[in-house]
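The following pair of complexes shares a single chain, subunit A, combined with subunit B in the former and subunit C in the latter.
Then we have the complex of A and B:
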């Protein structure tokens, strides 16, 4: 179970105008602007739930994921995941979670993917038998086969994403965070990834938290949506709550963003 | 505790192996860098050689004694750079946010950063240092008693730890500045340059600074004096190990930095 209560997080961002002179000026006196990335965020997610976490760019989605996964410490508020405070109990916490950042790779660039997997086996101290059966299952479901023997740098984006997802699940985590897992994928890869996530949730009861801009992802995978804008939770409900009959899902969400002025 | 150590060493070996496999993908670049590393330090060696053709001694140290001193410093620095290169290139990790991944793994941050980059190309310089080392040992007229051999071993350990500590400070500062700070190179590359000659050559102030602030003299000047038979107190044998304590404040600074890590956007 994941609970977040009144979590706040703000950053200082240096601001300056364009131009060389401005850059020189900024070297000596810099103006900072305080950005409230998260402003009193609270929600609860039960075990085995699949939740779509949506919001426009810069709304605070990644910050939330980073706090939940223990990378960032919030300024105030509490967060408890299966009884653990992520940023205080880092090592015990990260054993139980898997995180996929769509925009960043966790595979070693120059060696075959399977070498990266073997290293992960040692990092997580996964027992040989568990590793074998997980690898077999993931290879089968994500259709990795031959991909495992190619270096990550030679894979296409879609192929790499499938490997990334497999890498995050080798240690059988109970919770899976997916940060834009379908970004830049073609239709076939997208469907394969969605299909896999759904199966993973059904067969292993993995709790899935998914951020995305692709509303079809949400439609295909989750019932529950949490909408965040300017650091505040604006809505927590199901896809049917917002759906309007004559509009497509993309139009609905655009309408929603506009109505909240985010 | 012991079990944990064994697991850490096993993982570290795995990291080294994957680093080497990655490097072998680019064979030409690897061998070119190794040869380059060898030649650069060979140049320095030539410099000292030419100088001693004109002067017989520098502040009372002969050519072979200076060789012994320099080769030990170079060995320490090269060893530290080889395995602690991850700290040296750490600014990139912080700036791109790939340190996030380190925090997502259930292992010590330091072990992972070390494992992230093992710089095998430094083997070129290491070979150069070994050649000078052997020359220094055989030609310096030192009577190699057991205690003196132990002193050299302690020097190598203490010096490697000292350089590791400086790399660690360098990495810790990156948490706040996001960029590497070139001035820190004074403490690493600079130390190797200065380390060519026993530190007493540079005067009393320098000796004080390197005794109490950044303890280079503890791994270089003092034990060297013992080896060369100019000081006889057995306390000099252990001074290099004392220098390892320098790692403690470095580690605390690193911990402080980790807590201030802010990640990057997206």
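Then we have the complex of A and C:
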């Protein structure tokens, strides 16, 4: 079970206008702006739920994921995941979760993918038996057979992303955070990844939290949607709550963003 | 422990695959060493009595320095670590059940050892075969050789612990360039990489020898060449252990602080 209560997080960002004069001015006095990435965010997610976490760019989605996975420490508020405070109990917490950051890579660039997997096996102390069966299952479902022996740098984005997802699941995590996992994937890979996530949830009861800008991902995977804008939770409901008959899902969401002025 | 060992293993095998870099390194270091020895030869031929180290000790110092360059060059920092901090890939490192400091420490050690393993043997063999007085001489006795090996490893650990500070400071400064430039040139000078510490004026040498920089290459290389013996040697080893503990403790504390206030760059 995941509970977040009144979590706030702000960043200090240096700002200046364009141009040489402005740059010189910034040498002496710098203007900082406080950005409230998260502003009293609260929600609860039950075990085995699949939740779509949506919102426009810069709404605070990734910050939430990073707090949930113990990477960032919030300024205030509490967060409990299966009884653990992620940032205080980081090492014990991250053993139980899997994270995929769609824009980043966790594979070692210069060595075959399988070497990265073997390293993860040791990092998470995965028993040999479990590792073998997980690897087999993942290879099969994500169609990795041929990819495992090539260096990560020579894979295409979609191929790499499938390996990234597999890498995050080798230790059979109970909770999976996916931060834009289908970014840059072709239609076939996208369907494969969606199918796969669904199966994980059905067969292993994995709790999945998914952020994405691809509304088809949301439609295919989740029932519950949490909408965040300007760091605040604006809506927590199902896809049917927002759906209007004559609009496509993308138009619906655009409409939704406009109505909240975010 | 196994986690860190397999980190070590992966980094080590990765380092071994860069063969061309190793060949180029061997050639460069061999010529660099030869040039340095010839320059010192010229000085020594003017008045050998005026020098604080025997010429043969000096020659061994230079060859060992070139052979183990990968152990003791501050500038051989790992760009990948700076990159993870600067572009935010640190996010992935932080969601592993592993201590960041220990992980980077073991990977830096592995990186330096893998580089040194590929480069040291050809240089050592050639240096051993060179005619007197340009070749490397054997250590004074087996005891000295064992102490040399121990202090070599200690020196490497001190070096890596020092580099860890540079990595951790990058959490605060974002760009590593400034710290890197200052600390690398200062360390080169103060650790005896440019000229061995005995060549400094006596009073300055005394101060330098108590600094952490002297606990890097200065101790093992001078023990091998027989320039550092007896009580002075024991004291140097104690200082090595002391600085290693100070640097690791300080680095770990700073690292824990940095991680707590870390922001992940680039969304």
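In this section, the second predicted complex is superposed on the first by the 262 of 262 C-alpha atoms of A that agree within 3 Å, B and C clash if a C-alpha of one lies under 4 Å from a C-alpha of the other, contacts with A are read in each partner's own complex, and residues count from 1 in each chain.
Simple rule for what comes next: a contact is a pair of C-beta atoms (placed from the backbone, for glycine too) under 8 Å apart; a residue touches a chain by one contact, two chains touch by 3 or more.
Keep in mind that this is a model prediction, so the values were computed, not measured.
Considered on the superposed subunit A, subunit B and subunit C are sterically incompatible, since they clash.
Of the two partner chains placed around the shared chain by superposition, neither subunit B nor subunit C is touched by A:26. Judged by the touch definition given at the top, the superposed model places A:124 against both subunit B and subunit C. Contacts of A:242 after superposition: neither subunit B nor subunit C is touched.
In the superposed model, A:8 makes contact with neither subunit B nor subunit C.
When the two complexes are overlaid on their common chain A, residue A:110 makes contact with subunit B and with subunit C alike. Applying the stated contact rule after C-alpha superposition, one finds that A:66 touches each of subunit B and subunit C. Applying the stated contact rule after C-alpha superposition, one finds that A:151 touches subunit B and leaves subunit C untouched.
Residues 11, 62, 66, 69-73, 90-92, 94-95, 97, 99, 101, 103-104, 106, 108, 110-111, 115, 118-119, 122-125 of subunit A lie in contact with subunit B in one complex and with subunit C in the other. Contact residues of subunit A toward subunit B in the complex are 11, 62, 66, 69-73, 90-92, 94-95, 97, 99, 101, 103-104, 106, 108-111, 115-116, 118-119, 122-125, 151. Note for the complex: subunit C touches subunit A at residues 2-3, 5-7, 10, 13-14, 17, 88-89, 91-92, 94-99, 260-264, 266-267. Across the interface of their complex, subunit C is touched by residues 11, 62, 66, 69-73, 87, 90-92, 94-95, 97, 99, 101, 103-106, 108, 110-111, 115, 118-119, 122-125 of subunit A.
Residues of subunit B touching subunit A in their complex: 7, 10-11, 14-15, 18, 21-22, 25-26, 97-98, 100-101, 103-107, 112, 259, 261-263, 265-266.
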